[in-house]
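Each of the next two complexes has chain A plus one more chain, namely chain B in the first and chain C in the second.
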Partner chain A sequence: MMNYHPFVIPFTVGALFLFGVVFYKFYAWIAALDRKQKFMVKQNIFSFKTIRAIGEIFREALVHRNIYRKNPVLGYMHMSLAFGWFLLIVVGKIKASLYAGTFFEPPWLGIFFNFFAVDGHAFSHSEMLTFTMDFLLLIILSGLALAIIKRVKSSLLGMRKTTKHSRFDRIALSSLWFIFPLRLMAESTTASLHGNGGFLTNSVGHLIPSTIAPYAELPLWWAYSISLFVFFVALPYSRYMHIPTEVVLIFLRNWGADTGEQLSGYTDIQLNSCSRCGICIDACQLNFAAGISNVQSVYFVRDARYKTLSDEVVNNCLMCGRCSNECPVGLELTLVRQQFRNKQEIPGKFYYEYTEPVESKAGVDVIYYAGCMTHLTPSIIISMKKIFEAAGVNYWFMDEDKGVCCGRPLRQQGFIQQSKNLVIKNSRIINSARAKLLVTSCPICYKSFREEYNLNLPVMHHTEYIEGLLADGRITLNASNVTVVYHDPCELGRGANIYEQPRNILRNFSLIESNYEKENSLCCGGSLSDAILDLRLQLKIRDHALGELTKDKPDVLVTACPLCKKSFVHGNKARVMDIAEIVAGNLKVIASKKRPVRKEELQLV
Partner chain B sequence: MNKADVVVIGGGPAGIEAAYNLARDNHKVVLVEKEEEIFGHMQTAYTLFPNFQDASEIRSSLLQKTKHGNITLYNNAEVTQVSRENDFWRVQTINGLDFIAPAVLLASGFKTFDARYKEELGYGIYKGVITSVEFEEMLKVGKIQTANGEKPRRIAFLNCVGSRDEKVGNHYCSRVCCINAVKLSIEAKKQLPEVEAYCFYMDIRMSGQFYEELYRKSQEDFDVNYIRGRISEVAPTFDNRLQVKCEDTLSQTPLKMTVDLLVLMIGIEASEGTARIGEQVGVNGEYNFSKSISLHTADNKTKHRGFFLAGTCKRPLTVPETMADARAAALEIDLYLKSLSQ
Partner chain C sequence: MKDLGFSISQSRTIDLDKSDLSAYRRVVEKVPSAKLCLMCGACTATCTARNHTDFNFRKVHLLFRRGQFEGLAEELDKCMLCGKCRLVCNRGVNTRAIIYNMRIILENLNYKSIK
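After this line comes the complex of A and B, so read on.
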């Protein structure tokens, strides 16, 4: 038979196996999407979003633009392997089709082309295509060289830590390392015998002694095919499953699938989309500030995928979101971890049955909800009262005397049902007041109100609210040259995207920048989400963060979360204030009795 | 550089008692005190538990002891540097004093926990929240009053502020606060029989002689109430009193109480001097307290020959324990100096 040799069998069998397993998995995951996710797919599959997804697949799954932005060398490595291999397959296919004169040539022809195309049979663009194939192979080999360097010494590629791999990963990785060098050697040997290669394979072919070439040619092609077989068979069980899965993930994400509360097919898709690049390890404070390196998202995702999750890996996490922010695949790591924390059954008792009913107060514009943590930092409450009074706000301090927790700390520990009951209690109180705005001092409550509640009024964190008051001229500040550095609380910054409002307020002072601004902000170590972290390690995280933030010796370290404040105050390195305190401390007292015109409602963002 | 037989760092009860005992054994003692006044924390004490002995009697006894001919006392002499020079120790102070001696006794004591770190308790924010030290001063001048100068109707004492508290990093028990709260509540009732007194506690630890009896007496004779529960937060009321919240863990119910004064029983931490000198010399242990070589058999010795420890630089101690420890240290140093001259 023309264009056939038994060595193509391993490749063909491997490829068939791979396609079978991958498509079976895809089918199972898509069938296991939850109702909302399925609805979003149906809603958006025939829309512009699909085209947008294809663009993103090209950018991220092939070119790896995100990794390139974070680390150009690492980006090049991924691009050369992914995009290079992709093009090698595509160009190989085109070349094989042109050579065979049919689109339906045997699938292996493109893969082992140089072995079969030795008869000098001319076809269009053959020279250009041969050059392209060699060029692509060279690119892939350069990427491979970087991959090997990364494995041996990750620091050379700007990574402090790289992932420790499982057995399947090692098998797949080793076969992957062999594929392209073997292809080079096989093609070069054939080139030395038949003179059919391009600039690379031909040159390498010249180096192969003519005495060896006839004996080496077939074993090399066999080895190439077998290495492909091994890689294909190991792929669905290794981290390389991320290659096909990420494509599905990008489609679903563009169609608006939501990670949701409970495990679903979308969770599996996210778990399988992790390439275990290990960028999250470097991002994690538990690693670089506390020396824990076995619970990071990459290991969490791996263990979740192989169903070997331990409680420690699930629960030892600050849920600060630094890893999700850095993840080049864009996995919602914190939300997925949360899904694994969520308890399926309602354990034991509800802890808040004793809460006293709170009567809502009618006829106010603003409801102020300080939150449990703010009650532990009364200076913030005093400051907020001062600010409300200065602005002449008609407000009601909802949890002044007695209050109900917003529910988020319970939720983060997985007690979803209990948390929902608190949400119902608070919603009733808030909604029946028929106010115009809800202001809270705690980013945890803020996020909870925004995401878990169905309220009849908008919610603001006090940073947003104070910024609004300043912008509307309802309060003004004395000029101050106190130097301040701002710490973005996790829940307010990465959690709720409130970055500019606090900075706008702090422009009234001498604001200096730290190395950990905005999305890159550090956790204070006091996170309520990690209930098992040892205190000493928590303090290490705090001290590291505090050291970084106070490097330039600001007069005041300003934050906007009572929990962060409490953590940092105990660190005893700098004066720590909440943004409300520094504002209240610098309010310009308006001498005349005439206040600025009070608007009925603050202009909402 | 002045020579001495022993330099004693710290002019509190431990330092003075040890210096006096060494002086009696004919050693030339230099006693350095960082403050203008000697006595350390004894300075602010009103009466001492468990026998209500007047602290001023202790102070005059200590003062008398410093007058011994073999003791030279230096005030305002905060130690900046302690170093080893051949077989001697060199001690330098902030006011330029420079001593050399074969033996040094560290008696640099403790400091009280800074209650501002527990912001939820409102110290430094609400005027009615005071520390046990400040309350002792009120007792001393016989004026227990609120910030407005009124007589309090109800006083709450809160134990374990800065002790046994993982959140502030102090896991240990300060040992003296429970009994001190009993003492303060009785003294309060003696001065203001009408006042209601409540003690909030996690555990009542009455380990010393006569402590348990005193605890009982405070309830039977003085009507002091004890509530098992840690106050979680403090807020002002409309009439500027204080509302404290806690869980009464015996009845398992949340509790709110309005009080006029909240007295925080602040715990014991290693003083700054203890931490700093301990670090310089290399005898720092847990929580910056100084570490002896053997708790049971050589509690005044350190791993450095000629460098000794006495009193609360090692751990929280009561006054009698401190004085006894100081005398033991003096005995160790005496033996050491004699071994050198042989």
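After this line comes the complex of A and C, so read on.
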């Protein structure tokens, strides 16, 4: 038979196995999507979104622009391997089809082309194609060299820590490292015998002694085929499963699939799309501030995928969202972790029946909900009251006395049913007041109201509200040259995308930037989501964050979350104020409403 | 008899040798700071649930420590896990994590994580 040799068998068997397993897995995951996700797929499959997804697959799965932006060397490494190999397959296929004169040549012909095409029979563009193939191989080999350097010494590529791998990963990784050097050696040996190589393979071929070449040729092609076989068989069980899965993920994400509350096929797709690059390890404060390096998202995702998840890995997380923000694949790591925290529900049980019903006050414009944590920082409540009064707002302080929690802390610990009970209680009170606006001082409550509640009025965090009051001229501030640094609370910044409003308010002061602004902001360490973290380590995280934020010695460290304020105040590094406090302290007091000024306020004015 | 608003307590014995102390040991394993608690009651004073009921962290902690589990699971369900108690604790005890772990241990089947 023409163009056949037994060494193609390992490759062919491996490739068939790979396609079988991958398509079986895809089928199982898509079948396990929840109802809402399936609906979104059906709704959007024949729309412009599919074309957008294909564009994104090209940009992110092949070229990986996201990694480029974060770390150009790592980006080049990924692109040379992913895009280079992809082109090698495509160009190889074109070359083989031209050579065989048919589109339906045997699939291995393109892969082992140089072994079969030795008769020198020319086909169109053969020289240009041979050059391209050699060039692509060179690019891939340069990427491979970087990959090996990264494994040996990750700091050379700008990564402080790289992922520790499982056994399957090691097998797949080793075979991947062998594939391209073996291909180079096999092609070069054939080139030295038949002179059918390009600039790279011919040159390497010249270095091979002619006495060895005839004996080395077949073993090298066998070794190349076997290394492909090993890689293909290990792929579905190793981190390289991200190669096919990411394509599905990008489609589903563009079609509008939502991670949702409970585990679904989409969760599996996200877990399998993780390439375990380890970028999240460097992003995690538990790693760089507290020295814990076994619970990061990469390990959580790995353990969840292989079903070896421990309580510690699920629960030892601040849920600050820094890793999701850094993830080059765009996995919703915090939401997925939340899904694994969720507990089984006790059907029909209703909790918190004891809470006394609060009569909602009718005829007010604004409802103010301080939140549990704000009750521990009364200065925020006093400031908010002052601002409401100065702006002449008709408001009702909803949880002044018998308030109940918003439900988010329970949710973060996985007690969804209890959380929903609290949501019902609060919704009833808020909705029956028929007010125009709900203002809260706590970003945790804010996120909860926005995402979990079904309210008949808009919700604002006090940063948004104060910004609006200032813009409308309902309150005005005294000119001040106090230097301030703003700390973005996790739930308000990465959680609810409120970055500009607080900065607009703080432009009235002299605002200086820290190294951790907006999406890159740090967690104060006080996060409620971590029920495992030791106090000592929590304080380490706080002190690190505080040190970074007060590097430029600002007069005041301003934040917008009672929990962040509470954490930072005890660090004793700088004066810490909530944004409501600094606004209330600098309100331009109208003459008729003049009141005695407190000593601390005088320092600021 | 005249009602003075209080009465004589029934005498009762807590035999620690017969109590199941292993459950508390498991909590301490998860939350080592539990040992630092000196039962001052600051947590109870700030508690959101305490504002509505007689829920009392100090009490549930003590009962659990002694292995007196009757009715404790229902009592623990009153907590909203809001975390105020953790912030006021002057000994740095992670009170919220203690409640979380006591719940998991007492209602082991009901609160099983989905994995």
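Keep in mind that, in the parts below, the second predicted complex is superposed on the first by the 582 of 605 C-alpha atoms of A that agree within 3 Å, B and C clash if a C-alpha of one lies under 4 Å from a C-alpha of the other, contacts with A are read in each partner's own complex, and residues count from 1 in each chain.
As a working rule, a contact is a pair of C-beta atoms (placed from the backbone, for glycine too) under 8 Å apart; a residue touches a chain by one contact, two chains touch by 3 or more.
What you see is a predicted model; the values in this text were computed from it and never measured.
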Fit or clash between chain C and chain B when superposed on chain A: clash
Partner chain(s) touched by A:Val329 [first = chain B, second = chain C, both, neither]: neither
Which of chain B and chain C A:Val569 touches, first, second, both or neither: first
Which superposed partner A:Val314 touches (first chain B, second chain C, both, neither): second
Chain B versus chain C, judged by how many residues of chain A each one touches: C
Touched partner set for A:Val404, first chain B, second chain C, both or neither: second
Partner chain in contact with A:Leu537 - chain B first, chain C second, else both or neither: neither
Partner chain(s) touched by A:Asn342 [first = chain B, second = chain C, both, neither]: second
Partner chain in contact with A:Leu528 - chain B first, chain C second, else both or neither: second
Contacts of A:Cys277 with chain B and chain C, given as first, second, both or neither: neither
Partner chain(s) touched by A:Leu376 [first = chain B, second = chain C, both, neither]: both
Superposition clash, chain C versus chain B, among 2-10, 20-28, 38-46 or 74-82: 38-46
Overlap of the chain B and chain C footprints on chain A, listed as residue numbers: 354, 375-376, 401, 535, 566
Chain A - residues contacting chain C, complex: 262-263, 307, 309, 311, 314, 339-344, 346, 351-352, 354-356, 372-373, 375-376, 401-405, 407, 409-410, 413-415, 418, 422, 526, 528, 531-532, 534-535, 563, 566
Complex contact set, residues of chain B against chain A: 116-117, 119-120, 122, 125-126, 166-169, 232-235, 243, 253-254
Residues of chain A touching chain B in the complex: 354, 375-379, 381-382, 400-401, 535, 539, 565-566, 569-570
List of chain C residues in touch with chain A within their complex: 30, 32-33, 46, 48, 51-53, 77-78, 80-84, 86-88, 92, 94, 96-97, 100-101, 110-115
